[in-house]
Structures are given as C-alpha cells and as structure tokens.
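Shared between the two complexes below is chain A, which pairs with chain B and chain C, respectively.
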Partner chain A sequence: MSLRTENKPTSTVDVRGSTSHAREMNKFFFVKLVLMALVNAFGLFVLYSSWQVGHWGMLAAMVVLLVVVNWAYFSKRMLAAKFLVPGLVFLCVYQLFTMAYTGYVAFTNYGTGHIGTKEAAIEANLAQNEHRVEGTPAYPLAVVSSDDEQLGFAILDDGAVLVGTSDSPFQPAPEATVADGAITAVPGYEVLTFEEILQQQEEITTLRVGFGDAEQGSIRTQTGSTGFLYQPSLSYDEATGALTDTTTGVVYRDNGEGMFAADDGSTLRVGWRVPVGFDNFTRMFTDARLSGPFLQVLVWTFAFGFLSVATTFFLGLFFAIVFNHPRVRGRKVIRSLLILPYAFPGFLSGLVWAGLLNRRFGFINQVLLGGAEIPWLTDAWLARLSVIGVNLWLGFPYMFLITTGALQAISSDMYEAARLDGARVWRMFRSITLPLLMISVAPLLIASFAFNFNNFNLIYFVTEGGPNFPGSPIAVGATDILISMVYAVAIESGSTQYGLASAMSILIFLMVGLISWLGFRQTRKLEEVL
Partner chain B sequence: MAVVTSATEVRGKRWWREVGWRYPVAAVAIVYAAFPIVYILSASLSDRGTLTGSNRLFAEVSTSQYEQLLATMFPTWVANTLFIGGVTAVGVVLMGGAAAYAFSRFRFAGRRQWLTGLLLVQMFPQMLAFVAIFLLLLSLRDVVPVLGLNSQVGLIAVYLGGALGTNTFLMYGFFNSVPKELDEAAKIDGAGHARVFFTIILRLAAPILAVVGLLSFVATFSDYIIAGIVLQSQDRLTVAVGLYQFISGQFDARWGIFAAGAVISAIPVLLLFLFLQRYIVGGLTSGSVKG
Partner chain C sequence: MRRSMMITAAAGLTLVLAACSGGTAEAPEEPGSADSDQADGGEEQASGSLTVWADELRADAITDIVAQFEEDKGVDVEVVEKNFDDIREEFLAQAPTGEGPDVIVGAHDWAGELVTNGVVSPVELGATAEEFSEVAVNAFTYEGQVYGVPYGIENIALVRNNDLASDTPDTFDDLIAQGEDADAEYPVLIQVGEEGDAYHMYPLQTSFGAPVFETDESGSYVPELALGGENGEAFAEYLGSIGQAGSGVLDTAITGDIAKEAFANGESPYMITGPWNISAFTDAGLDISVLPIPGAGPEPAAPFVGVQGFYVSSYSENAVLANEFLVNYAATEDVQIALYETGGRIPALTAAADALADDPIVAGFAEAGEAGVPMPALPEINAVWTFWGTTQADIVSGAASDPAAAWNTMVENIQGAIDAA
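Presenting the complex of A and B:
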C-alpha cells in the first residue's frame, strides 16, 4: 500500500488535515463510527467461523483486510486511501484474487473425480466400495424420518426392532409396532409411505445406517422394504498409503496423478486434486479429441470478433453518413428509433432472434420466405451467418452513435477545399472522412473487438454454440466462441473439468490482454487519460 | 409556364439526388431496427402464445399471456433483479465515484501506477474468471453463507468487484472538469473531505452518475453467466436466468409468455435509454462499452 499522501505545497488540496478535532465530531464522524463497527463485527464473525471450519486461507485474508481497513480509516493521514479502500477491497477479492486463482486451478486437475484432498478421497473410496456380506439375512425394513427430518431405517432383527439414522447408529426400539412382519410405527419417528419413499428415492438408496462399529458394516436398501448388511471391501494401510481390495487382494497405490491405481492400470473412482503442470495447456493442442474442436473454436472466435466489428461498423457508418446531412429533417427522431436495438436488453434480443429464425415456426421462414424450412440455426455455416446477422442488428446502433459523433467533429472546410480541387464523393470519403474518423473511433473499435471476443450472451442465447461437433467429448459446436466453450467444459458437460476450463480462461486473458495492449499502444490513449 | 415546370422538375431532381433518397433509406433502417421489437410486442399480445401463432402480427390483442406470466415466478425474478441491480448500481456509483475523487483531487505516491494498474485490470472482464468465482463462492458458503453460492448478497459482492474497473475513468474525467475552486471554497468554510465529496462533487456530477448507474444496472440485468452459476434456487433467480430456464427446451409452447416477460423487462430499460440518450452518447464517445 503506497497510498500515503504527499504534502506538496503545490497540491491544490490541503492534505494536512486542517480540520480540528471538534469539527470532526460531526454527523459524518458518527456515520463512520457506526459503519466501521459494522465492518469490524462482520470481520470478527468471519474470523470466528473460518476458524471453526478450519479455513486458514480465509482467516489470514480477513485479518489482512481488517488491519488495512481500520488503519485506513482511523489514521489521520491516508486521505486518498479512505476513498479508495472500499472499491479496492472488492476488487482484490473478486477480481484480482479470482484471476490469480484461475491461474492456480489451470495447473491442477480440479474437476469431477478430483474435487477434494487425498484424505477425503480415501474416505470416499472406502465408503463407496462395499459388498454385501454373504450369509447374512435380509432384514425387513421401514424407512423412517426422525423429528428433525432426518432419514433413517428401522429394521426387524430376530423379532426385535432396531432404529437409527445416518448420524446415529442402530438402537433398540422396543415400543415399535410390528404387524405381519412389517414395521408400522416407531415412537419418535414417522414411518414413510410408499409414495414418500419414491419421492426421495435417491437419498434413500444412498443412505447407510451403521451399528456403531465400522467393522461390522452398515445396512443399505434398494427397495425401501428390505435391508442388507454391507461391509467395506477396501482396507487402507496407513504405512504404505495404499488401498487393498479385501476380496480380490488387488492393491491400489497413489499413481502421482491424483488417483489410486492398480498395477493393471484400473483406478478407483474418487481421486483428489494435484498439480499437473502444463498438462491442461498441452492437452488443448495435443489431445486429438480436444484439439480439433478447440482449434476450430479458436479460429471462429477471431473470425466472429473481426466480422462483428467490421459489419456493425460499416452499417453504422453508412447510416451515419446518410442521416448526418443538414437538410435531412427529423434527424433526432431517426436517431431515437435507430438506437432501439442498442437499448433493448442484450440477452432478450438473442432469444427473440432465436425465435424469429426458428426453422419450422419462425417468422423469417414462415412469413418472409413463404414456408421455406431453412435451417438457420442448425446448419453449421448458416448458424455462423445467423450469429453475425443477429450481432449486426444488436451492434450497428452503437457504431451509428459513435460515428455520427465523430463525423460532426470533422470540419466542413476540408470538404470545401477538396471540392474545389475537384474531388468526387468517393474520393472525399476515402481521403478525408475515413482517416479522420479512424483517429477518434479506432480505440472504440478495438474495445468493441475485445467485447465481441467474449460475447457469451449472444452465442449462448441464439444458438447455444450449436450445432454441435459430432463425436467431441465436450458439448461444443460450430458457433461456440472460446468463452462459451469454457462454459461448456466447466458447467455444461457431464463431467466438469475446472482445470481445463481455467487453462482456457488463461489463454483468453492473454489474448484479450495482447489485443488491448496493441490497441492502447496504437492510440496512445494511456498518456491522454493520465 | 413550361420553363417554370422544368425548373421545379430540375430542383426536384436535385433535391431527390441530394436529400430525398435518404428518407426511404431511413424508412428501411427504422423497419430493420424496430421490427423485432414490434414483433415481440405483438407476440406478447397474442392469445394462443405459440411461436407459430405469433407470426400474424397483431392478429388479436389479449392480455392472457401477461396473466399467465404473472402466475409464474416472474414477479419474484423482477423483484430480485431490481434488488440486485439497484444495490449494485448504487455501490458501483459510490465506490467508483470515491476512487475517481481520490485520483482527481489527491496527489499521492504511486498515483500514476495505481491508475495504470486499474486500466490494466479493466481490460479483463470479470466474467472470464467465472470458474474461480464459482469455486470461491463454494468455499465461502461454508464460512459465510450470506456471501456464498445461491446468495443474492454474494452475487452483489461479486458484481461490486468489478466496480472500480469499469467506470472509474468515466467519472475521473468528469471530476477533473469540475473546478477545484469549488471544493477549496468549501474547505475554507470548514468542510472536510467527506463533506466535499458527498455534498459538492456527487451533486455536480449527478448526470454522469446516473449514466454510470444505468450502465451498471443494465450490465447486471443482462448478465447470465455469473448470475446463472451463483444463484440456484428458483425463488432467487434474476430475470435473465429465470426467463432463459423458463423457455429453454419449450421454445414453441411458452413463446407468448416469454414475449410478455421480455416486454415487461425491456420497457423500463428502453425508456431510461431514450431519456438519458444525450448523456449516454457523451459517455460512449469517451470510451465505455455496453456490456
């Protein structure tokens, strides 16, 4: 933090704090005191609860934040910091940290099957690999729900009723009612009906109720009316760090890639998170099933960004030139109507156009083209054309507005001079209008390219990235751009791959950064702004 | 007589060549710009509410789609969006304004570097880090549930993370144009920095604050990717997430209801845009992009 104010006498603001103590005791000071009390109370709550959960990273971060905030607001100096800190706190946590964290995740195998720590993976594997103990009876069973809404089982073991939940092992329940070999009532619990069991099928089939001793195994049910005794079929050896299958004798060892693997290469289902170096990055280019779609998406992203800017710019410029004539009446009305697409919320436009372009029922095919079933959104090239077309509608008003502004700034003397020299309209456009326009509009075009490069909403709402590439392991398609591919990898595909998705985000970061840097260098906007 | 006729004819031809042809172009342009909006308005007033049924514009005018829409979760989503977007907009204006004030009025060590850093951060849309945002909120849920996944306050906090990056420069430029003599006069009268900021600068900058607030609101309103991964239960969704889930997969059947929802949610934004047009155009040319 280098926010200390310099007491330069030339500074326009007196930063020595000429206000006396008495004057500070005004309402602003009390507001500040109350706000700081709230902030500190919240901070202490976070400290306490992160200590409870054992989240040390969060604890440390909160300590740092609290120190910085209190220091900034109770120090007599640090005037600039008082104004910067609130925004900076959020910026650090939700933008800088998430960017750095993206960088970290990109070098791990974080994703489905590699979520937690090694300890959690061992526990999960032990719990998931069970086998029914042979020679044990089938227990008549009832699914019950305790008073605090916890699911549990009641079983009939040699005529005695036992009841328990996932948290509390089986206990005798001598006062339970049994009719015809089925448990009908258990005091303190509610016996679920068949319909209720169906509704919670998933919870019930994964529920385990133990006997208080892990060795003894636990009761599970598939039907909701009969229970069987299951025992873990893996055993963990802490000395070697390996899991052994007790029935087959196969040994699963840590294979260094966040998985337990046997000698024959078979692995246990649950793995853990480990650093994998540049694997995620190299996979994009070398894994044959991934690199094909990835490269296509990469090329299309650039093509889409470029074409979006080019088409919208030229249409916008055309309208700007046409309507920016002093003798055209009603220019304000025309402008107000032309910016309608810009003012219409972006995500709605995408969906509206998806409806208009619908193959069988859409307005374009049905009414304008007389019932032709043109696959605007389902054929790869037509879908690409449609996306550009929809973006043209969405984007031309913005270009219209900025080029109108820039045109009005060009002095009419120049056209006068050119006309005297005998220049025709086209020549004037090429030699005067376009170059002068570019000076003020070029940075905005670069910004627009960077925006369209990541125009997730448009792609997602018009085509969802489809039509999908056949045979690709992730659901990406012909109109997917990089950001929507990241979304598909991270969220939409059956197995999520946060590591790979983050690696792709990093690539986008680099590309957007490069583009913006080139843009800024080009226009020297940096110096101007500062 | 004949001479006069040909003179007006010539004038008419010249008029047509220089100005007149621009009106048909304007008509085409306006139809192109306005048609999808007219179409969705007509679809929202149709009685059957299917995609096919919407193809005959204004064939019938009924409010049945709106009635059906109000029976869904839509009103809740609108309330959620207003809450999230409103709080975010106020937060963005206050935080961005405070930072812009600091950069505009104080001279402190590393000021240029901070400005450059902010400019750099501004290049990277927050949306790109959505995987990390998801994972961060996943861990926050265990510690501070109110900031974790499926919490609207958590979503607002995420949006506020982008507050400094997006519009500080717009306000910075504007604050620089507010004469410093004004705050100096106030200082002599005994006002502190907080008072100068809240009572002088923010008041004078009201139009630009309105634009920044509106742009922030529209950005929140249109965001799908972050809102979609943070909010999960139906009663907490925003309009963008809710409406999309509502019609995806049932495009044809629920088209009319979607159209009604689109009209209701678009009208306030459309009106605000037209109302604040002058300021927005001014803001655009100084470098902010709708997003």
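Presenting the complex of A and C:
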C-alpha cells in the first residue's frame, strides 16, 4: 500500500514532463483536433439550420455553446472545464431547459383551443367565418399582375372577362382572350403562370377582389385557377383589436384569458396562449371533479411506491444472501439468469404481463390455473396486487445486483467475531448485515422510491390505470398513480391541457423532492452504526 | 382511440413526456427543422414544395401519386410517413411553430379539434363536391365549412363465416340464437376489451334509439347528449343481459386481437368488425360475406361511418399548391382507387366507388354503411369516449350491477367533463 502511494507522484510528474500540453503537437492533439472539428461542424450545421428557419433563440444558444466548448478545449488553463463541459452541456439541454420550459408552460393555458399566438387566432377566426355565397357559380380565374406590379384577378363570368385588383373592383375586359375556358391574355395586365403564382402564394390567397359593392362579397381563390364569391361574417378592427360579427353586430373583445368574448360571455372558437398565473396549480384542489379522486390516487401512489421498493428490496436481498453463500453451486449461472428481467425494456414486460394476466385468455389463468377466471386486472384489489407483482418481477434484479455488491463488501471478520460471541443467523442478519447494508443501499432505495412514484410505463401498460372507479367524474381507476392520473386528466380527457399537465407534474416533482430530501437526511443517521 | 390502444399508448407516453418536460420546444432539434431545411432548399430549385404527412398505408400510395403531380407542376412533394395516431398530436404541436406540414391525411372526426385550434383551413371543393358521396362531404363539414377532401369511407359491418352460417336473421337476438346452435365456440364476436369499445357497440346502441348527440334539422350533430333517457337505459339493460352476468355473449376479455384471431380460426359464425380485418380473414382461407348489422332494439342499427381525407394546414406557406393538390389531384378517380388498394377503405369519390362495386366485400360494407351515421366531429366527443367505453365495460363485466344506474352516472359524468372543458 505505502509503496504504491509513494510512487504515484513521481510517475505523474514524469507524465506531465513529457506529454502535458494541449498545444503540443502529438497524435493526441490531432485526435482532439478531429473531434473538435466534428463538434464544430455539427454546431455550424445547427447554426445554419436555425438561421434558415429563423430560430434566433436556438442560434444564440448554439453560438454561446460553441464558444464555450472551443475555449474550454483549446485554452491552456481550463483543465477542470475540460472534464466538466460535456456534462454541463447535457445538463443544460436535457435538464435545465426542459425544467424551465415545463415551469413556463405550467403558468400558461397551453392546450386545446389555445395553442398559437393571438395573431394566428385572429386569422383563424376570420378564415373560419368567411363563407362562400350560396348559389354562386365557380368562376374560371387567372391571376394577373398590372403594369404597376399590383396583383389582381381576371374571371370569366358568363363568357365575359372581368378584371380587377384589391383597389379597383372588377371591370369588363372585352379585349381579353380566352382559350378552352381559360383566360390567356388580358390587355394592360400580365397573366401569371402557375410557377409565378407559387412564388407569391400568401399574397394570392389573401387577395380579395370585389364588385364595387361590399354587400355583394368578393372573389378569392385557393387554387389560382378557380375563384368563388365569398362573404365574411366577421370583421376585424385593428384600432380596437375587436372582432365584430357583421350579421348580428355582436362585438367580440379580448377577454384577457386568451379568448375573444362577447358581452354575453359567448366566445369565438379559436383562442391563443396566455399566461394564467397559478390557475393550473389551484385547479387540482378547487375543481371538485379532480380533488375527490386525487386523494384516493395519492394514497395509492404512496402505497405503490413504498410496496414496490419494499418487495423488490427484500426479494433481491433474499436471493443475494442465498447466492452469496459459497456452498451454492452454479452461482454465476443462477445470478445471470436472475438478472434477466432487468434486461427487458419495462414497457415490453408490462405489455407481456398484461397478456399473461388476461382473465379468460391469459397464460396464467388458462394454463397454470386450469381455466380459472381470476380477474387479475379487473378486480380493484387483485389489479393492485398484480401491478405490485409485475413490478416485483421487473425490479428485484436491480436490488439483487446492488445488494450482492454491498454484501460482498461486508468483512467476514465481523461475522466471525459475532459467531464467537454466540450470535445466531437471525441476530447476525439484524445486527450486522442489515445495518451495514443500509449505509450503502439506503440512498438507492430512496431513488428507487422516487422512480416508482412516477412509474408511468408499468401502470399504463399493465392496467392502463384500471379498473376504473365506477361512476368517477374523471376517468381514473384503482391502479392509477399520480403521473398516470395527470395523463388521464390532462391528455386523455377530451381536451388536451398541457398547462395543467405541467403544473401537476411540478407538484409531483415537489412531493418526490421533499420525500427524497427527508429520506437522505435520515440516511446520514444510518452511518452512526460504524 | 378505438382500435389501437397500444399504439395510442406509445404515442401517449411520448406526449406525457412532451407535456411534462416541454418536449414541444425540442422542435428545433427535431427532424422537423431538417425537413423544412430541405423544403427551403427545394424552393430554390423548383418553384414550390409541399410536405404531406401520411400514415404508413397511405404514404406509399401517395408517394406514387405525387410523382405525377411533381412532374405536371414542376414542384417538390415530400411525403413523410407517420404513425396514424401521432399525426393529429404532432400536427397540433408543430403547426403553430411554422414547422408543420402543408397537408395531413387524417380522419374526419379530428375536424372539431383541429378547427378549434385553428390549424386547418376551409377547402372549397366547388363543383367537385357533388362528385363525392354525400356522407363523405358532410363528415368533413364543420359548422358550415368543408375542412378536408375525403378519400375513403369506412364503417363496421356484420362479417359472416359462410361455412358456419348461411342465412342471417333480422334481429340480433335471433342471430345470437342461431350462433349458439352453430358448431362454434362463440355465437358472435364483438370486441370489448377491459376499457370497453363504444365504437363497436354503437350499432346496438342506436338500435335502441339512443344516439350519442342530438342532431339538428340538417342532420349535423349539436353538442347536446342524447345517449341518456329511457332508450339509453334500455340499451344498458340489454348490454348487461348479454354480458358476463347474463348470457355471456359479450366479454371484456375479448379484445380486438383476440376476436380477430378467434374469427380467423373459425371459432365463430359472426363478427362485427371493419374492412381493416378482412384481409386477415381471406388470408386464413375463410369464405366470408359482409352484411348489414341486425338491430337489437326497435330501431335500425346504425354504425359510425368514419371518413378519411386530406386537411390543409392554415399555417401552410404553400396554400395554393396544397389546394391545387387536394382539389385537382387527390379528388381524382385514379388517386382514390390507388388509396383504396392500399387501405381497403371504400373511395369517397362516387365514380371510384362505382368502379369497385362488383367486389362483394366493398358492396357489403357500403350497404352496411347506408344505415350509418358519421362519427361526430365535435370536440366534445373526445370527452365522451373514455366514459362511454369504461361504463360499457363495467356493464358487460357485471362490475356495474345496475346497468341503468351506471348508464345514468356515465351521462352525468360526460356532461360534467364537457362543461369543464
């Protein structure tokens, strides 16, 4: 031992002396150069793409990232940063950004009917309320451009060609030529080809050409070759920011909640995304439909989290102790086999188990139990048992692995001493194995609890939260845990409510965070046994 | 929602993650940006470009069709293959960012949600409208505007295994009796599943005169529930009587896959199912007929008719091209028949449907669909499905010992969910 530690400094000095610096031209430098070139090439590609589509936030973030990365790896002094930068970058992208974004969404009404901006909502409401005038024909149409570059339409109305622009209503153009029912030339205007139309699609679809009388409606086209007479039933006043129904005269104003509302409370269909403060957070407690099932689900979530950890831990520990015994034959093979469930993706196992437990056709009832129709997944208590059971199957290998490691770290001297003092097996387990095991394993148990608290995959794929509470005002069931309830309420309930979902997941996070924090504080006391 | 819970589940999971971790903002890193990149690049060469999202069955057919369109118009069309159940959610998430597609292929019952979110534009079919079957255009009509170009119609029907039964009675009770006498394990197969399946149960429900929503004079749905009342209770009682606590014809253990396999194995003379399962039956060598569904109550059994079609994004920068593609290409006989050949849905274009009329399977589904009603496109329908299905499952399984009471509670809960939305 002492020899090795003495040797270390000298050897490090040796290494430093010969190959230390980043600037030094050796093969490692070239490897670094190539890797950095790849990183920078990727960065530049992202920069170019975000420039193309106008994502300025992305562009700025990428510039900062590239500067930081290059500086860290080409600077002489940033030794610590060379190790930390990759981790920090991933932390920012995958953790901090998503957390901040979830936090932001939780304070908005983002969800069905409120997904875009106010401008888009105005446009959509106007578009949805512009109707084709009934009984009017389809007009063969050509898009034309006047000499002063103004866009207009030429239409064929009963064999006569009319031409007009947004400023000047339709006028007869008797000189125009028509071939095969299509207008090919209009004097004073240039007829646009399809290719030219495609270059200004936005302008053409928003163009309206009237007949001089607003009551009569105006011609518009969606295809550039056929026009129809349209009449809007909603008009937008930019000065007041209000929309008016032109037939009833009802005025719809911004109601501050992301909707256009009339005085009588009726609203236009399309709304937009606005901040709503703490509404999403308080809804869980104030909405009577949510608060009732919420308590039931909360209790089950804690029970599920706790039982999952307890069952998997004790089964894992049992196997670990058994297969840690030197007299068991074929330990390595058995250990490998026991770890197998851990190797399957969780959701796949969930689906398979759901099939195995099917009441009438499942392998367990049909083959193992000889056709007994036990409602494993459809009776509330059996379903809870099944979920815990499936999770036990999925989870014990992990506990088996970590406890095997921890057991092997406990010195056999202790057991020897205990045996000399006359301790029996149970006493040794309680006074030596368990306390020493807990020191290293307790933090992992807390992490496992936090994981199972949010074990959406398992619940969703085994029972889908069912069996549902009969007659419950929201569609949640006996095995729903908080996160699957969030999904049922905010996503599956009819209208998607990302704001509510984000707020609920933040509440869950706070709960799990608090429990874990308390748990970790407790684990420090465990170390006092030493 | 009805057929592919598992796919939905996978999609849903992604969504929860998206919702919980703000995944929507990852759009810049998603292939979406790469797509628009290509689109931008394309615009420099050709004069226009179009991005179309379609599910796996449609994507191939559309890719063939667009080759002609690209040639005629000198434009680029990119067909992106997506999981059918992901199209709606991803479109809703991406359209407002300007990264979404120009055209999506989807179901008519999405219209309510898409329109409420303002992500689709009305499409003027003009004279073409008359060339489509009326139910198809009506299905895509939402509050007086047409929002899509239909290409296929589908509905469920009674599929008969001709080896096990030959003449089919007029009422569902007689059909059960006949099925029980037949030499088979099940008298009739209807998928239920632990979460229920209101879609496959709907013909029986309508035969008791309890449609899901009220309709106005023009036949469009209005958001007032109609599935309660005496008729609804009568249906609930009937459902209980043929459920596990009753005669056991229906069973929540029978999921879509189990029913399909059992029927393909010749274990039942009848199955109520849609065209999507037919190839599995013909591949299994069954001799089948497709018939209208007999009613269980006093009124005719009306299955839901689902119509599939193309929507144009209201955020599209290529609106002219998109409309041109829809109205003048998607609405042609060749295209509609090409889409039928990959998906098996009856073409919405009358001329295309007539060209296929001598196929007895197509004719059978068309006949069964004549009594049908369009699946409601109201956004309120989303609040209905879950309660509807689970309540039916509870009644079938016997978990709800008083079917009528359970049914009434369901109506109250649906109303509560609609009011809260």
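Quick note on the criterion: the second predicted complex is superposed on the first by the 295 of 530 C-alpha atoms of A that agree within 3 Å, B and C clash if a C-alpha of one lies under 4 Å from a C-alpha of the other, contacts with A are read in each partner's own complex, and residues count from 1 in each chain.
Going forward, a residue touches a chain if its C-beta (ideal position, glycine included) is under 8 Å from a C-beta of that chain, and two chains touch if they have at least 3 such contacts.
Fair warning: this is a prediction, and the values are worked out from it, not measured in the lab.
Visitor: Thinking of the overlay built on chain A, is A:222 touched by chain B (first), by chain C (second), by both, or by neither?
Guide: second
Visitor: Between chain B (first) and chain C (second), which does A:405 come into contact with in this model arrangement: first, second, both, or neither?
Guide: first
Visitor: Who touches more of chain A, chain B or chain C?
Guide: Higher number of touched chain A residues: B.
Visitor: Classify the contacts of A:98 with the two partner chains as first (chain B alone), second (chain C alone), both, or neither.
Guide: both
Visitor: When the two structures are overlaid on chain A, which partner does A:377 contact: first (chain B), second (chain C), both, or neither?
Guide: second
Visitor: Please work out whether A:361 is in contact with chain B alone, chain C alone, both, or neither, and reply first, second, both or neither.
Guide: In the superposition, A:361 contacts both chain B and chain C.
Visitor: Name the contact category of A:295: first (chain B only), second (chain C only), both, or neither.
Guide: In the superposed model, A:295 contacts neither chain B nor chain C.
Visitor: With the two structures laid over each other on chain A, which partner does A:121 touch: chain B (first), chain C (second), both, or neither?
Guide: A:121 sits against chain C, while chain B stays out of touch.
Visitor: Is A:55 contacted by the first partner chain B, the second partner chain C, both or neither?
Guide: Touch status of A:55: both partners.
Visitor: Check whether A:337 is in contact with chain B, with chain C, with both or with neither, and answer first, second, both or neither.
Guide: A:337 contacts chain B only, not chain C.
Visitor: Taking the stated contact definition, name every residue in chain A that is touched by chain B in one complex and by chain C in the other, in rising order.
Guide: 49-50, 53, 55, 58, 97-99, 101-102, 105, 347, 351, 358, 361, 456-457, 460-461, 483, 486-487, 490-491, 498, 501-502, 505
Visitor: Help me check something: in the complex, which residues belonging to chain B touch chain A?
Guide: Per the stated touch rule, the residues are 18-19, 22-23, 25-26, 29-30, 32-34, 36-37, 39-40, 43, 50-52, 54-55, 94-96, 98-99, 101-102, 105-112, 114-116, 119, 121, 123-136, 139-140, 142-144, 157-158, 160-165, 168-169, 173, 180, 183-184, 187, 190, 192-195, 197, 218, 221-222, 224-225, 229, 240, 243-244, 247, 251-252, 255, 258, 262, 265-266, 269-270, 273-274, 277, 281, 284-285, 287, 289-291.
Visitor: Give the list of chain A residues in touch with chain C in this complex.
Guide: Within the complex, chain A contacts chain C at residues 49-50, 52-53, 55, 58, 97-102, 104-105, 112-113, 115-117, 120-121, 123-125, 127-128, 130-132, 138, 194-199, 201-202, 204-205, 221-226, 228, 269-270, 287, 289, 347, 351, 358-361, 377-378, 456-457, 460-461, 464, 466-468, 470-475, 483, 486-488, 490-496, 498, 501-502, 505.
Visitor: Taking the touch rule as given, give the residues of chain A at its contact with chain B in the complex, in rising order.
Guide: Residue positions touching the partner: 2-6, 8, 11-15, 18-19, 23-24, 26, 28, 32, 45-46, 49-50, 53, 55, 58, 79-80, 82-84, 86-88, 90-91, 93-99, 101-102, 105, 110, 319, 322-323, 325, 327-328, 334-349, 351-356, 358, 361-363, 366-367, 393, 397-398, 401-402, 405-406, 440, 443-444, 447-448, 450-451, 454, 456-457, 460-461, 483, 486-487, 490-491, 498, 501-502, 505, 508-509, 512-513, 516, 520, 525-526, 529-530.
Visitor: Show me the residue ranges of chain C that touch chain A in the complex, using the header's touch definition.
Guide: 5-6, 9-10, 12-13, 15-16, 19-25, 28, 33-34, 36-37, 40, 47-48, 73-75, 89, 92-93, 95-96, 98-99, 113, 115-119, 121-124, 126-127, 143-145, 194-195, 251-254, 258, 314-315, 317-321, 323-324, 327-328, 379-387, 390, 394, 397, 399-400, 406, 409-410, 413, 416-418, 420-421
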